[in-house]
Amino acid sequence: MSGIKVKEPVITLTSGPAAAYPRVLQAMSKPVQYDYDPYFQAFYEEVARKTAKAMRVDEPALLIHAEPAVGIEATAACLIGRDDVVLNLASGVYGKGFGYWAVRYCKELVEIEVPYNEAIDPEAVDAAMSERPDIKVVSVVHHDTPSGTVNPLNEIGRIVRDHDGLLIVDAVSSFGGMDVHPGDCMADVFITGPGKCLGGPPGVTIMAVSDRAWDQMAANQDGPTASILSLTDWKDAWSKDHAFPFTPSVSEVNGLDAVIDNYLEEGPETVWARHDLTARACRAGVKAMGLELWAAREEIAAPTTTAVKVPDGFEDKEIRATARELYGVVFSAGRAETDGKLIRIGHMGPTAEPIYAVVAISALGGALRKLGHNADVNAGLEATMDVIAAAHA
Amino acid sequence: MSGIKVKEPVITLTSGPAAAYPRVLQAMSKPVQYDYDPYFQAFYEEVARKTAKAMRVDEPALLIHAEPAVGIEATAACLIGRDDVVLNLASGVYGKGFGYWAVRYCKELVEIEVPYNEAIDPEAVDAAMSERPDIKVVSVVHHDTPSGTVNPLNEIGRIVRDHDGLLIVDAVSSFGGMDVHPGDCMADVFITGPGKCLGGPPGVTIMAVSDRAWDQMAANQDGPTASILSLTDWKDAWSKDHAFPFTPSVSEVNGLDAVIDNYLEEGPETVWARHDLTARACRAGVKAMGLELWAAREEIAAPTTTAVKVPDGFEDKEIRATARELYGVVFSAGRAETDGKLIRIGHMGPTAEPIYAVVAISALGGALRKLGHNADVNAGLEATMDVIAAAHA
Amino acid sequence: MSGIKVKEPVITLTSGPAAAYPRVLQAMSKPVQYDYDPYFQAFYEEVARKTAKAMRVDEPALLIHAEPAVGIEATAACLIGRDDVVLNLASGVYGKGFGYWAVRYCKELVEIEVPYNEAIDPEAVDAAMSERPDIKVVSVVHHDTPSGTVNPLNEIGRIVRDHDGLLIVDAVSSFGGMDVHPGDCMADVFITGPGKCLGGPPGVTIMAVSDRAWDQMAANQDGPTASILSLTDWKDAWSKDHAFPFTPSVSEVNGLDAVIDNYLEEGPETVWARHDLTARACRAGVKAMGLELWAAREEIAAPTTTAVKVPDGFEDKEIRATARELYGVVFSAGRAETDGKLIRIGHMGPTAEPIYAVVAISALGGALRKLGHNADVNAGLEATMDVIAAAHA
Amino acid sequence: MSGIKVKEPVITLTSGPAAAYPRVLQAMSKPVQYDYDPYFQAFYEEVARKTAKAMRVDEPALLIHAEPAVGIEATAACLIGRDDVVLNLASGVYGKGFGYWAVRYCKELVEIEVPYNEAIDPEAVDAAMSERPDIKVVSVVHHDTPSGTVNPLNEIGRIVRDHDGLLIVDAVSSFGGMDVHPGDCMADVFITGPGKCLGGPPGVTIMAVSDRAWDQMAANQDGPTASILSLTDWKDAWSKDHAFPFTPSVSEVNGLDAVIDNYLEEGPETVWARHDLTARACRAGVKAMGLELWAAREEIAAPTTTAVKVPDGFEDKEIRATARELYGVVFSAGRAETDGKLIRIGHMGPTAEPIYAVVAISALGGALRKLGHNADVNAGLEATMDVIAAAHA
């Protein structure tokens, strides 16, 4: 069928695009319907409503028909006006990256930046906002994927609201894998997608937008319309009474439908628990092998990604290539500033299962050993398996 | 599984999103691979190369991971500099629409607009470019879908090149259904997608960009980067030696792979021939029924969409709803200026088969008759079937 | 991908294997589970129970893992003892065929045979059973597919029960397309499958077996065990407390699951209604075209298949080949004694939609006209469309 | 969608039904075609021919449309005449089982039975056939799945041929996972299927039948016809010039098509090598953990299944249930005489990958440890990983 000489991977343990659930893959092969057909319109509304239910908000979810980074870029474009002061919280590559979008649109960018293995201190946010009461928009990444670290989102959200700021939350790689919801963190714009912890296709953005944020966007005279960067174009598109501004990605919506059914039927708490257990088992194995977590403190290590420091004297590319060659197991590289410094083991959707912690430790440890590193794989696997066993005590 | 009360359509004969081939639907359920995995990188390159082969260009196709309107908007953003004069050719809603994007970026917009049931006269283009030698960029829609009409693209392309203009071609709803290629029309930016005549999912853009256009984009200091609107971000993304700027829509690429295999294996000439035959049979039926084609002249009626004037005294919505209720057949409405004035019967991909001309005439005629119109369905079907039979003489 | 030179059909209007619903095709790609895994065992039981619900019986359905003809052959092997007198009701090729299986096992075969365009007269059954009170087993085909005719099943069933006979019902090509259930016809063994009117894959048998029949089988010392022909092997296989005697066809069960969900969610009455309407519209068209129905009387024409007499001087093969060549539409041939004498238009599952009556009349009429027959296609289509319109009056 | 409370397994490492390749699952969702349509007939022939190519025989493969046990039962029914002496070689439950089918049809059954952890000695076959020159048919199971042991097939085949016997080979769970072909073992009837090492659906049988065997079947007056147990019914069914005797299981054929493409494109030698490596790694781990292989000698342990003795004092059910609960990993139980005595780890198709040896050892060892057994999981995993690493030295 194809001339590709590279073998397909056996097990993909990445931080996204991540493996999708079989049920979602089946749904991707649903017929492509005409967007204005009444069936599709009812279906689209249903998907928007059930996605909202998953996010625990009332209004139908806003869907943007491209990967979530587009939803984030569009948020910057729509929400930030030329007179706005933006506080950007940067604890990693993605957090820092939002600042580059924000400066295109804002009057002034204020930034709190911490080392990329650290988390934002809510008190620093409080201090910054007290010092600069003109801060209007605050942006934070919940799980800064290239670092595998999470920020104390709900605390930050409370502070931002206390200062009457509008909060943009990038929860792309945390929602669906842990207990995070727009309401709890008081997000005004909450951005996620099905391609990470929800075990779905990566080409669509899921959003929840507060009335405050819609009002701000409506008031922003520089906000784009008739553009992929316009959120307002799509505000009411879930309703059959409003036209789609552009063509929705029908197949991605088909996938999203199954993604949400899957999540709600298994039960969010159950889903989060297996993400948490898998990550804990994995971190225990990493440490017991004699490797170091990238996160400065284990409390801020994400339950959806375990980032491991590349040991001195070793190349991350070589380690990943060896794990793939020996075991067919694929890990994520770092990205930008973290590229080369860490290896990321994703615990997302269907791979958020304890056995994949065993797989990860074996493949990572086995690769390192193959390359001459004295990783104590035995100790690693024992620690991993102990965590799993303890969960069934 | 769902609480949707609306029945799914039986046969979708629309101008997009259009029905996808079974083979493509199967491919949509391929596993979601990690974008940086060597297998996916080889796969992505292969898809980009085979898509180029389908477009009959040498360089791997440029893929933009959102529906083709985004590729068009991005082209405006990247190619048109603040000092550029743009000639926009508007023979329909989509052609006109490009002008709204162009004015965001250009110094001056010159427009040739014809009635939306007409086509652009190449001589008018020649005249305009002779009069305004400072015109740098020309934009044309090949098949203006909301009108079902095609422009004389190759002639226009020759003229634009003679005047040394850069030509943007929107071939979204013609490529794959008729003989149109970037080389033949001398397009500098050629934009299409799998969701129309190729019978695939609508969420990705296929493009071919000339060296002249890449040079212009590189020289355009206002061109976006780090944005969904940046084409340059993705220029070399097909190569495993270049990083993806953002996450590709993996499942859409899986679908595109099958789309192109399907097209090349059946043989482009064979594919075009069945689009042409189906459209001819359909137009014959429309006319014989006593209805009028929207197109001012049959020569400019698209082989991929037959637009039919809504008869006086009837409502397009009611006609479409009746066709759906009685027959389960779905047609496209018009759009913007053509909304309410015409009904569009798509001949795209798997529905570009003569039997669907019969289906279309039956459902359209039957609906009209049901609503009290004296459409001569018998004559329509006879004419349609005669065209089909004649093709097998 | 393949070197096959024959083009795939566009629309398949056959009496089985018939086109499957998209939803069922998606379900066919569910992972293959281990048959003894608790998940699969629970799933299997659920499928058996919901299939029973569709048949309106209490006990979980009996599944035999091969196409329904195997279920019928196995019924003959298991139910008919060497001392049994069997009354076989033959109104067609399939009815007649059961006799060949019955004689392998019975003491004596009594047969009521009518012309293959006729139906069994219940009074004849009553007479035969009165005359031969030693008749123990009676077999009848509800819809004798090669003839497209249905027998008065419920009346026959009442008579058989009055005479205390055991009734075998082949409802393979009627169940799911019309109102037929084991209880209503007092079947002791009721055999059907997902591959016809239910719009599913053809490789599995669905059965309902009465306690009386199970008792008879248990008492039959010649009945097979440890064999594909043994029903008793599988009697309790739905229960996780019983081992599977052989390997179930996991993917077919996956398909069956979706088949039944689809049927129950749409609503049996709704499903039957569209089979009925499509068949009526089709028959009206056939007659108006000047062709003859195969069935001696329209009352016995099946709502799931319209059998049309091949006009004198024409070859059925040529007609079918022409319909396929011109329109891509595939019809069923006859079978054995009816082969060459009729053409069958299936109205099954997803093709039991009125528009496919239009398609059938067009393709059949168009093919005949192409071959020189003076079929009045116009009149045919008008009659077909009138029936459809009248249903929405 | 369903009310099933049991969670789906995470990783299925069974001896069949075994996990299917994603590509095969996609193919299962191909449209269901009418069996007499020219496209399907060409497709069926192509599948039969490519399956023959995989078996390295010239004649198109014989397909029987039920799981392979049916192909075996049918072979007994068709090949064994009432005057035939059959030598049955029983090294396990499946080998023994064939004898029960053989005695139904033969004059006399001669059996060589060895303990079910042993293999047949070719010299014993030679001795038996020398002693009883009237032995006409010999039957052997290559890989007796319930024991995980393989017989020296090619040596046995040579001896049987030297004695002019007809050889029946059950290669259901070895073909596709190791180097076994009808020609090499001089099989007259060679039976396998896609549901084990080929990574496909379990509901169809693949066979290669020699001319000698066809002659014997033709001469067998007791051989079934018009029956699921008839091989001769299907002898020429691959050819469009012969009718299908019954309905083929279209979806299973769709799956088989992908199964064979997959096998031939990857390359049989490559496929066998990963089965072999995975099994060796697994056996090393089992032994290093302090457990015992079921096979009396490692040379006869199958590369497609590793059978492990259940340690004294432990229950196999409990071990398997614990592995499933803690890790979501599913193993096969034994069957009949081996039930309760061993646990089987399948290495078949997509699970014949070294990482699954790691998964198996972890899950088996972890389960045992959880239950109080002092399995040395560390040593086991180390041994497993050493074998894998050595393969990449």
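For clarity, chains are labelled A, B, C and D in written order, and residue numbers in each chain start from 1.
Keep this in mind: a contact is a pair of C-beta atoms (placed from the backbone, for glycine too) under 8 Å apart; a residue touches a chain by one contact, two chains touch by 3 or more.
Source: prediction; values computed, not measured.
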Chain of greatest Cα-centre distance to subunit A: C
Subunit B-subunit D separation of Cα centroids, rounded to whole Å: 51
Computed distance of Cα centres, subunit D from subunit A, in Å: 44
Rounded Å distance between subunit A and subunit B, as computed from the means of their C-alpha atoms: 34
Per-residue multi-chain contacts in subunit A, two or more chains: 1, 22, 25-26, 29-31, 261
Category of the chain touch graph - line, ring, star, complete, other: complete
Contact set on subunit A toward subunit C in their complex: 1, 22-23, 25-27, 29-31
Subunit A contact footprint on subunit B (complex, rising order): 1-9, 12, 14, 16-20, 25-26, 28-39, 41-43, 46, 65-67, 69-70, 73-74, 97, 100-101, 195, 200-204, 226-229, 246-252, 255, 257, 261, 324, 330, 332-333
Partner subunit B, residues of subunit C touching it in the complex: 1, 10-11, 22, 25-26, 29, 261, 265, 325-329, 350, 353-356, 358-359, 362-363, 366, 369-370, 377-378, 381-382, 385, 388-389, 392
